[in-house]
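Some structures are shown below for you to check.
Each of the two complexes below includes chain A, the first together with chain B, the second together with chain C.
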Partner chain A sequence: MKREEGHIDQVQGVMLVFAVLSAKLFAHYPALLIEGAGPAAWQAALVMTLTAMLIFLPSAALARRFPGKGLAEISESVAGPWLGPLLTLAVTAWLFTSLALGVRLLAETYIGTMLPQTPPSALIMVLLFCVAYASYRGLEPLSRAAQLIFPLIVLVVVLVMIFSMPRANSARLLPVAGFGLPATLGTGLYCAGMGAEAILALAIGYAFRSGKALQNSVLLGIALFGLFMTVMAAVLVSLFGAPEAAQLPFPMFNMSRLISLGRFLQRVEAITVMFWFFAWVVRLSALFHGTVVSLAGALQLPYYRPLIFPLAVLTMACSLLPEDFLSTMDLDSGVLRPIGLLVLALPLVLLGLAVIRRKGGPAHAA
Partner chain B sequence: MLRKLTGLVVALALALGVLPLAGCWDRSELEERAFVLALGLDRGKGTVLEVTMMIALPKAMAGGDKGGGGGGGGGGDKPYFLTTVQAPTIGSAVSLVNAAINRRVSLLHMKALFMGESLARESGMYTMDGFTRFRQARQSIMYVVTKGRAADFLKGMDPKIETDPQRFIEQLAYNSRYTGMLPAASQIHTFVTTVSTGYIEPVTYYAALKEEGGDEDATAGLRKEVGWEAGELPRTGGPNIEMLGAAAFRGERMVGVLTGGEIRMILMMQDRFNQGFFAIPDPRQPELFVSAELHRGRPFRLELDLGGDKPRLRGLITLEAELLATQGQRDYTAPHLQAELESAITRELESRIRETIRKTQGMKADVIGFGYQAVRQFPTVRAWEAYNWPDKYADADVEITVRVVMRRAGIRLRPPKMRD
Partner chain C sequence: MLLYRLFAVMMPHRWYRILRVRGGASYTCAPGKRLTGEIDVNLRQFWTQLLDPSAGTVTQTFSLADRGRTPVVEEQGPTLLADAKLRAEGVVTHIDNLLAAAPDGAKAMEKAGDLSSRLDENVARLKSLFRMPENKDLIIRDLQIATQPPTRAVVCFMEGLADKTIINDHIMQALMLLAHLDHHVDGHGEHGPTTFSIETVMQRLLPGHQVSEKYDMAAISEGLLGGDSILLFEGQQTAVAVETKGFPLRSVSEPKTEQAIQGPKDGFVEGFRVNVALVRRRLKDPRVVTEVLKVGRLSNNYVALMYIDGITSPKLIAEVRRRVEGLKVDVISGSGMLEQYIEDSPFSIFPGMLTTERPDRTAAYLSEGHVALLMDNSPYAIIAPVTFWSLLQTAEDYYLRFPFGPFLRYIRVAAFLLTVLVPAMYVAVVNYHQEMIPTELMLFIASSRELVPLPTVVEVIAMDLSFELIREAGTRIPSVIGPTIGLVASLVLGQAAVEAKVISPLVILIIAITGLASFAIPNYLAGFGVRALRFFLLATALVLGFYGLAAGVFLILIYMAGLRSFGVPYLAPVAPAMGRSADATGRPPLFNMEMRPAYVHPLDKRRQEDVVRTWDPAAPKPPDKKGGRS
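And then the complex of A and B:
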């Protein structure tokens, strides 16, 4: 594939990975942790983070073995011209599904909270226009946008948490072991799929300056996301109590609606929603871009841009397939996330093949 | 050339993108909306609700139009009107009201929910799912249980000092920081969270209308000091709305009323008491009173022993006092009398606390929140639930000690001399 995208450094990589993952803070994902682990959801978030980092290690090793190469090139090099593209297509399919469900989730979120009369298709079209344009511009502008958006996301999340604090009660985090250690561990392991989008970094691995930069970007990005998810789970439980917090599909929205300091700082959810949109657009743009370049790589096309419009149309069509918001959420948490664990483990197969077939390594370093 | 064309297309797309900013499907014009300020809920005929809506008259609020007061209890230059409708749910009530009101009724600016006592005794959680689920309602809405029907309360409200009764109620709640006679919080969020977690039983604000011409005994009022329920205060004149004390719940059902004085004791045990004026009988001349302002001192300490048949709780409240007034000639700024006064305040408070705890145990409702401390001793939710704290609390052996330190004596020393 023609390199027309520039490079991203480690800092940009961390922020891109974080931006892709952190959009989950605004959606139903913290509720998944709380549903499974109750008051100990923050511990489950830690387990989730460590597991996701652990599962990514084979991908990191693969990236270091094939520096300057993306998933499509690595697959082809390791697994051959037939099996390689098939493996890439498997990852692409997962990324695409994550993208389509993400697009629908965001549209439904807006309809559910702010724009009840707006048809999903209208929102999805606007969203996909932004996403497709970002992908057209390439990875470098996208990662710069992530770099720009990173402090804003952090600021908004932290401010909402701080201003919600007057209503929090740390005793709601008790009993300390929640539903018990097995439930905490099980939930953490199950939810490790939340970090599966980190495979995106491997898909765009050619853009990182080195394998080590990719590895550090992803591990730090996941760690940062895990830290925020841990704090978010703890704050939500201390604000709403575990039974209520587990029923909140839009936790940041609910938290911002609770903010009422004196009589001057209230009704701030409109601002939160704006940043929520930014975070999701960066996430979906990165997913879209990862999908389109992986697809181009699997099909061994020299350019990815001709695929942008067809993929955008396909994304719109597929995002409208789930009947409603609840089934979209169920598909995401019940099907996509567990498969995500397998997707993260796929590079392990490639790594094994690379070792057996003695592919990659220092000799391949650019 | 291609770059220029791309730039042109992008600029055009951005320019066109401005168009929908004015709103498409979800556009909302202020003058087409009728904003509900407060909602009253009572049991209607059969299983339906009787929903009373206090709807804002924006022009009257701004002072531009004195007329326009409407039906129900509204009228005159009130900046709102009331309308009551029988409906199975709040959503259907909104729809029905919209058959009679040209503007689209909206709950976006709703600030208070008033629930009639009889409905609260059936279930305080009635309609709560709607308030936590429906995007227009906010969980920060104030939750007030009214003595009698909420509809009558809303119709009869006469705040006098404010034209907007909802603002009046809101400020009454703020006053509680200086009086300590209302629960620390009473909002839909706190109520729902409290019911669902079960570490503490919920309380809500309790309000009533004061009927003029009552036969209150003012002397008894002094003796009872702050042990009054809303609607019973020994006073005449002024606004006819009283909000003090609380409606106490066990789970979702209201099980009793707590007085303002009891709420003060509860706040002390919750470590949420800020300050308040107290009057206690003069230790040397019990027919007279000594007045002091009490402030929160050190954090409340509680030790629990859940090992025996009954939970055993021992607590220590530390307060700081400032002498405000003495009716007698005793100089309580003298060191030995100061200690005597501190002991008298301590005894008085310990006695009130014992009574308050006994009352809540009688209701089987840990509205104080000892459960928050008890849950620390359980490793898992299952173990905690198996212990069944609400039932255990009713039989708990609770002893709370109070320590009062008089820090200040106002801006003079000895009391003024008196002559026959």
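And then the complex of A and C:
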């Protein structure tokens, strides 16, 4: 495949990975943690973060073994011309499913909060136009946009947390152990699939200047995301209490509605939701791009752009398959996330094969 | 015939004109009146031409197309033939001269051009080349140089491009009157009358400060069109060019669009040499290089490519030079046209290069490692590469003390966001997200819109377009009354629209803020892009409220993030973050700006030492060379 997309450096990589993962702060994912671990959700978030970082280590080792190469090239090089593309297609299928469900989730979120009369297809079409355009422009512009959006996301999340704090009650964080250590550990391990999108970095590994840059970007990105998720879980529980917080599909939206300072700083949820869109659209654009380049790599096409339009149409069709918002959430948390753990295990298989077949190696590592 | 008379009397004048032309009859009639009187119409001819319209349209109307006549190319035959003959003569003479010079070696062959040793032949070729006698611009003056023996020569120059005082005083007078006063000393130490030679003319007779030899007609033509005077001599295959440029030029005055309260008041003019001098006054360093390039096969306009050798990236210089020299175009009249030809993304809504009329700003950019293009006939410098943030900067930022310079930049960034987002946000809030408006404000908006029959978006677009109209009219109206007309128009229009209940007062406020903010954007060309963005975001907000607005903003971000200017990302040094230079949205204290912008990849990255204020007791002391601190 032609590499005309330029490079992304480590700082951009961190921000891109964080932007991809941080979109989950605005969706139902914090509620998953709270549902499983109760008041100890923040501890589950820490476990989740550490687990996700650990699970990514084989991918990092693989990237360092094959610097300047993407998943498609690594698979083909390690597993041969038949099995390699099949493995790439497996990851591509997971990325695509994550993309389609993400698109539907975002559309349903907007319908549920701000645009109740709008048909999901209209929102999805606009969203996919943005996503396809970002993919068309390439990875460099996308990572730069993520770099610009990163501080906005951080600022909004931090401000919403700070301004909603007057309603917080630290007593709701008790008991500290929540539903018990097993529940906390189990929830943390189960939710580690939230970091599965980090496989995306391997799919676009060719754009990183070195394997080490890829490794550091992803690990720092996951750590940063884990930090925010931990704080978010704690703040949500202290604001709403564990039972209520576990039922919140749009935690950031609900937190924004609590903000009322003086007679001017109030009703800011619409503004919050706008920044919510930025986080999600970067996430979905990156997923779309990862999907399309992996697919082009698996099919051994010289360039990815011809696949953009067909894939966008396919994404729209697939995103409309779930019946409603609830079934979309169930699919995401019940099916996609556990499979995400398997997807992250795939690089481990590739790494083992690479070691056995003596492909790549320390001599090539950056 | 009777029927025709009746027909002619009844029908309108316009119809009869058609009939008259078709029929070939001659008739006159006062416009707007019905025809009365005798008509002589050839019926057969009329019907023939009615059936075959092309038959009668031979000479009545002027057309540049051939319309069945001899093609224009054929009419140009003699001219083309004369040109070919001229070129052929030149080639033949050149070959003759080369053959004659061959025995004298390579140096002599280099000087062998296409000039003949016969003065009349050279003059005839020059006249033919400049289309004389139709062309009156070329002045050819015969004279006798007062040498011993007298030598016949001609002085040629272009009327209006050369300074006649210089020609009279330093060429004609010197050659015709003063030459006989000059006596050379021969080998025996005796004085004698001056004999003619090119060296004598150049070294002893012509007092002009720039004198050069020319060996071919192309160089002579170039010199003449550049304002030089050319001397041709009988018996010589070499001409002499004397620098006599003297065309009318506006004097240096204050910049019109980039005024600074604290900074210098001089701005560029239409002469590129003057502009180069204005920049050089600020960069007194021998490493400052000015290359002179030419663009336009017809306009042959000079373009000065300025950079600092040892600082500016050679790759950048080579790329700018490559783009300018590679242009295959007839006319490039100004920097605005040149910019369109050489920028990276000619369809971009944002300028790909920075134009400035301030010499101090140009010098500052050169010192950072940028390249400047100064075009003859244009009072602007083009700076390359450019980033989006530099479009929001002014020269004044650097002249103001630290807390205030950056403050102005933040104001401008806020103004950019305001002018782009405010109308769209208003439309989104009023149409889709009423819940985010405080109750009192919502009641006020509702009451002010109660009697307005138009939808909000129509109000906003109508007022925005009216504002653009006032702005455009204000630019075109003569400068004396322009501001007054603009003020009156905006006041009257706004007041009348509100009183007529066509527009709500809040929309007037929104558009006023938007308009005011748009004027805070210092770059004139960027202003167009900002307006385009405003209307684009208005459309997206109209369709899907904040969701559409966010989608629009994201598309713009992706679009801008993908732009490049001479290889430099448009959003650098913010995205991607490059180097230690924070001179983008903000501006650090001048004494902390140690490094040149990394995105231009300067050869010398440091522009000042870490410790600049060495006298300051609070400043850290530079390390002692012996080890330790002084």
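One rule holds for everything that comes next: the second predicted complex is superposed on the first by the 361 of 366 C-alpha atoms of A that agree within 3 Å, B and C clash if a C-alpha of one lies under 4 Å from a C-alpha of the other, contacts with A are read in each partner's own complex, and residues count from 1 in each chain.
Note that a contact is a pair of C-beta atoms (placed from the backbone, for glycine too) under 8 Å apart; a residue touches a chain by one contact, two chains touch by 3 or more.
Small disclaimer: the values here were computed from a predicted structure and weren't measured.
A.B. asks: Which partner chains sit in contact with A:Arg144 here, chain B, chain C, both or neither? Use first/second/both/neither.
C.D. replies: second
A.B. asks: For A:Phe277 in the superposed arrangement: first (chain B), second (chain C), both or neither?
C.D. replies: Only chain C is touched by A:Phe277; chain B is not.
A.B. asks: Pick one for A:Gln266: touches chain B only (first), chain C only (second), both, or neither.
C.D. replies: A:Gln266 contacts both chain B and chain C.
A.B. asks: Between chain B and chain C, whom does A:Leu127 touch in the aligned arrangement: first, second, both, or neither?
C.D. replies: A:Leu127: touches chain C, not chain B.
A.B. asks: A:Pro58 contacts which: chain B (first), chain C (second), both, neither?
C.D. replies: neither
A.B. asks: Where does A:Val11 make contact in the superposed view: on chain B (first), on chain C (second), on both, or on neither?
C.D. replies: It touches chain C, and chain B stays clear.
A.B. asks: Using the superposition on chain A described above, determine whether A:Thr118 touches chain B (first), chain C (second), both, or neither.
C.D. replies: both
A.B. asks: Tell me the contact category for A:Gly70 with respect to chain B and chain C: first, second, both or neither.
C.D. replies: Touch partners of A:Gly70: none, neither chain B nor chain C.
A.B. asks: So, A:Gly211: does it touch chain B (first), chain C (second), both, or neither?
C.D. replies: neither
A.B. asks: Can you list the residues of chain A that touch chain B in one structure and chain C in the other?
C.D. replies: In chain A, positions 114-115, 118, 122, 129, 133, 266 sit in both the chain B and chain C interfaces.
A.B. asks: Inside the complex, what are the residues of chain C that reach chain A?
C.D. replies: Its residues touching chain A are 429, 432-433, 435-438, 543-551, 553-555, 557-559, 561-562, 569, 571, 574-577.
A.B. asks: Which residues of chain B touch chain A once you look at their complex with the stated criterion?
C.D. replies: Touching chain A from chain B are residues 10, 13, 24-26, 132, 135, 138-140, 185, 189-190, 192-194, 196-197, 199, 372-373, 375-376, 378-384.
A.B. asks: Which bits of chain A are touching chain C when the two form their complex?
C.D. replies: Per the stated touch rule, the residues are 9, 11-12, 110, 114-115, 118, 122-123, 126-127, 129-130, 133-134, 137-138, 140-145, 147-149, 263-264, 266-271, 273-275, 277-278, 281, 285.
A.B. asks: Applying the document's contact rule, which stretches of chain A touch chain B when the two form their complex?
C.D. replies: Touching chain B: residues 38-39, 112-119, 122, 129, 133, 167, 169, 171-172, 174-180, 239-244, 254, 257-258, 260, 266 of chain A.
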